[in-house]
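Quick notes on the structure that follows.
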Amino acid sequence: MSVFPAPIAPAEIMAVAMARLLRPGETVFHGVASPLPMIATLLAKRLYAPDLVYLNIAGSIDPEPERLPVSTVDPALLRGSRALVTLADLFDLSARGRLDVAFLSGVQIDGAGRINMSAIGPFARPKVRLPGGAGSAMLMPTAKRVILWRTRHDPRTFVERLDFVTAAGNVDRVVTPLSILVRQDGRLVVESIHPGVSPEAFREATGFPVEVGAATPVTPPPTVEEMAALREIDPEGVVHSEFG
Amino acid sequence: MSVFPAPIAPAEIMAVAMARLLRPGETVFHGVASPLPMIATLLAKRLYAPDLVYLNIAGSIDPEPERLPVSTVDPALLRGSRALVTLADLFDLSARGRLDVAFLSGVQIDGAGRINMSAIGPFARPKVRLPGGAGSAMLMPTAKRVILWRTRHDPRTFVERLDFVTAAGNVDRVVTPLSILVRQDGRLVVESIHPGVSPEAFREATGFPVEVGAATPVTPPPTVEEMAALREIDPEGVVHSEFG
Amino acid sequence: MHDKRTTLTEAIAAISNGARVALGGNTLHRGPGAAVHELVRQGKRDLEIVKTAGAYDVDLLCAAGCAAAVSAGFVGYETPFGMAGAYRAAVEAGRVEAREHACATVVAGLRAAIQGVPFMPVAGLQGSDLPAARGFQSLRDPYSGAEVFVVPALMPDVAILHVQEADAEGNGRIIGTRFEDVLMAQAARRVILTAERIVDGEAFVAAPETVAIPGFLVDAVVEAPRGAWPFSCTPYYGFDADYLAAWVAVARDPEAAREFIAERILGAAALA
Amino acid sequence: MHDKRTTLTEAIAAISNGARVALGGNTLHRGPGAAVHELVRQGKRDLEIVKTAGAYDVDLLCAAGCAAAVSAGFVGYETPFGMAGAYRAAVEAGRVEAREHACATVVAGLRAAIQGVPFMPVAGLQGSDLPAARGFQSLRDPYSGAEVFVVPALMPDVAILHVQEADAEGNGRIIGTRFEDVLMAQAARRVILTAERIVDGEAFVAAPETVAIPGFLVDAVVEAPRGAWPFSCTPYYGFDADYLAAWVAVARDPEAAREFIAERILGAAALA
């Protein structure tokens, strides 16, 4: 596998990193506003885990979309699905311990991998009312593995203390434009930083203490094969939409 | 309306009596092993309550069966239905107070209109294991009105004391080959006895005390119109199958 | 069954101020757009909106002063348009109460209403501040002793759902994903169906499995071609990205949002 | 997804003695007849059978000594054939435990299993001796103070369902009423689908709404033409009244029932 020549966009390195986290045979779900998980799951299914079961809030199972939508609830995601599921079915699946991976995000993420999607400031009368956690409060404790992704990596996102804990639970990895974090013994630690990210820049961008230095592994950059598959799945560059 | 000339079979007088109990606009359900409720509901819909909503365990809504099945779960009961419901949907409908009438039966029925469909003798080691109450324990307290029917009217059926209370609840009427009983202040009393039934015969056939005498009303016999409609709905005489 | 067809005006007129209103669809898709506009036109007040994931519908009802509370798991436009500005502004100003749910607790509350029980146990929620913030209680399982959260029944006064096809009796066929529409139809006291087209119900007899909403649950049926707009309605049209972008651009500013509503939604009626 | 097709023998061989087995269909209709016969042929023991309303399936498994317990709301043949003689005899002799449910409590127990919660509240049951006899507890609603019965989760080890069409990946299409089949498929740890015919799953893509059982819930798919027999399978065949009458005539008598099973079900295998 040869390394794809630069430049590689942050969205691309994130999508590839997220795809690599998925394993053969896993059942994987994403919800609303989730272009990166959509693309990562399609990519993993193409390259690493053809028998992965891909479920989504649009209600499809293993779809083969003709074009990728920017809205991940879009009926475009139904194409090729042989059966339909509702959101209730998906929550139930997770509740009974049968969902392997849920992709979730947070406007704030703390050092324990907990998320805030509810409010900045007091919940009852917030300074900023956020969209809400969607299914996360229920999915994070029940899915076997939660992969968080967030396209912004700065001290306002990765915070020492959440204004509100929308959800907490089985977070396994956090993928950002700078790094992959892994949760060990209940705390997020650096698994790797992406090529070109300095330990100093990473530390400054992270609002909670993290150990990072010269010995910190670098995320293996996307291979030629991975980038070819990514661009075949997503010729219109929906992967970049979260960085809009 | 002219009276239909005798002989009229017990099943026919029961079916007509049951049909007359249904009112315009009501939502009506019957379950398994219920030929008489099936026929009564179709008859009521034809004659008295065209806008009645007819639901059944076969899963249909306002079916127009080509032929009447003896099994009331039979797919023959689906014909003409524009949507399907499951048993769970029907229980839910009753649970939230939206089911007007449920037709139920009991192997034993006591003076309070409670039923036993579970066991003769001790529940754990019965002398006779009965089929079980199906939905009755849930439907009897939740349906607005329960109409019991039973093709046998004898002291072993209408008992002072049930061996086991399978279900209790909103019983309104009980229709038998001898009479129509109505529940008033929690007790079954005679509303009418069928033509040709003597007060003495009725009293002997009933295992709990009932007031019946010369002043007891007689069930108005089926009219020519009712019998014509009944025989049109049920040309093969499925109405008699419970008396087999 | 009888003919339940009526006009959108009459169907919406039957909704009282203060009603708990469940809206079908999800984010940008198959929401009852025309009916939401009619709620605005009729100047409804103090509504509680119920939805798992809302977008323009919730946002607009907040901007127009129709909503007093929003019981939802997520309110936002997804990636293309970002946050729901009017909802944000209204909650931050204290004009609207954000009754935040996990989407799964909306489902659980609807299920309790459907099943005629006062509460519904729900897995998860451990470690979240939501139960405390929303007053969700827990109970001890009498069989295992385990603690489980229970959500109170959430019974909408009315559910407004947009479907692709309906007959005059209210049988509704949904093409594609049903979202929470079926749950809402079962849970609500009254159901209003808007439909791309009214069809002869005999067409449903051949494939009753495809009819998502049985007519006996429905109170009013309205023929509303393009009735999901600006939401998508597969396979007929996608969401209206230009219109939504124009709305999102003004939604955060109450004054600008009011002007947008007066011009583009109240239209001629407002000028009269 | 991978090809899940297998033989009936292999699919049933994976079921352990003592398993809790949910059977699809209802009374005389769309039960998994061929799979039930295979359970008998393989001499399974100590099964707990789960069904809302059972008939020949429950009756036969009691006669053959496969069942130790029956969790059902109703066991009988409906009007044409009356009581379930072998079930009666087995319960009355103490060989089988009748874990009587209201059909609605079977549904509630399956729902709890589906939703990953230990119990499910259920309306009704007031005044019935069933909660005491079955140990169903009640809880106080923390919101209103009302008492409500709660049923423990009922998770089948395996659900065996007969459908009209399935693809190799286990997507199953049910024509007509779905009964409790979908609930069972969701609640069970494993799902075995027998199908009148295996079809190319591409055929489901055009109308995924008609696919009742999504393949990812299914572990094994078996092509079994007339696989519901002697139950009905609409629109292909009705229940076999002659066969059922012959069975019912002997079912009450353990010895006669054993002979019937040896002759008509074990057949050549028994003679070998």
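Letters A, B, C and D mark the chains as written, and numbering starts fresh at 1 in each.
In the analysis below, a contact is a pair of C-beta atoms (placed from the backbone, for glycine too) under 8 Å apart; a residue touches a chain by one contact, two chains touch by 3 or more.
Here the structure is a predicted model, which means the values were calculated and not measured.
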Labels of chains that are neighbours to chain A and to chain D: C
Most remote chain, CA-based centroid, reference being chain B: A
Where chain A and chain C are represented by their mean Cα positions, the distance between them in whole Å: 28
CA centroid of chain A to CA centroid of chain B, Å: 58
CA centroid of chain B to CA centroid of chain C, Å: 40
Junction residues of chain D - those touching two or more other chains: 115-117, 122-123, 176, 209
Two or more partner chains touched - positions in chain A: 60, 78, 84, 94-96, 142
Pairs of chains satisfying the touch condition: A-C, A-D, B-C, B-D, C-D
Touching residues on chain D, where the partner in the complex is chain A: 1-2, 113-117, 167, 169, 171, 186, 201, 204-205, 208-209, 211, 213-216
Touch list for chain C against partner chain A, complex: 26-29, 52-53, 72-76, 78-80, 83-84, 87-88, 91-92, 94, 98, 100-105, 107, 111, 122-130, 133, 176-180, 182-183, 232, 234-235, 238-239
Complex contacts: residues of chain A adjacent to chain C: 31-33, 35, 57-60, 70-75, 78, 84, 86-88, 91, 94-96, 114, 118-119, 123-142, 164-169, 241-242, 244
Chain A residues touching chain D - in the complex, by the definition given at the top: 27, 51, 53, 55, 60-62, 78, 80-85, 89, 92, 94-97, 142
Footprint of chain C on chain D - complex, ascending: 112, 115-123, 137, 139, 141-144, 146, 148, 150, 152, 174-176, 207, 209-210, 212
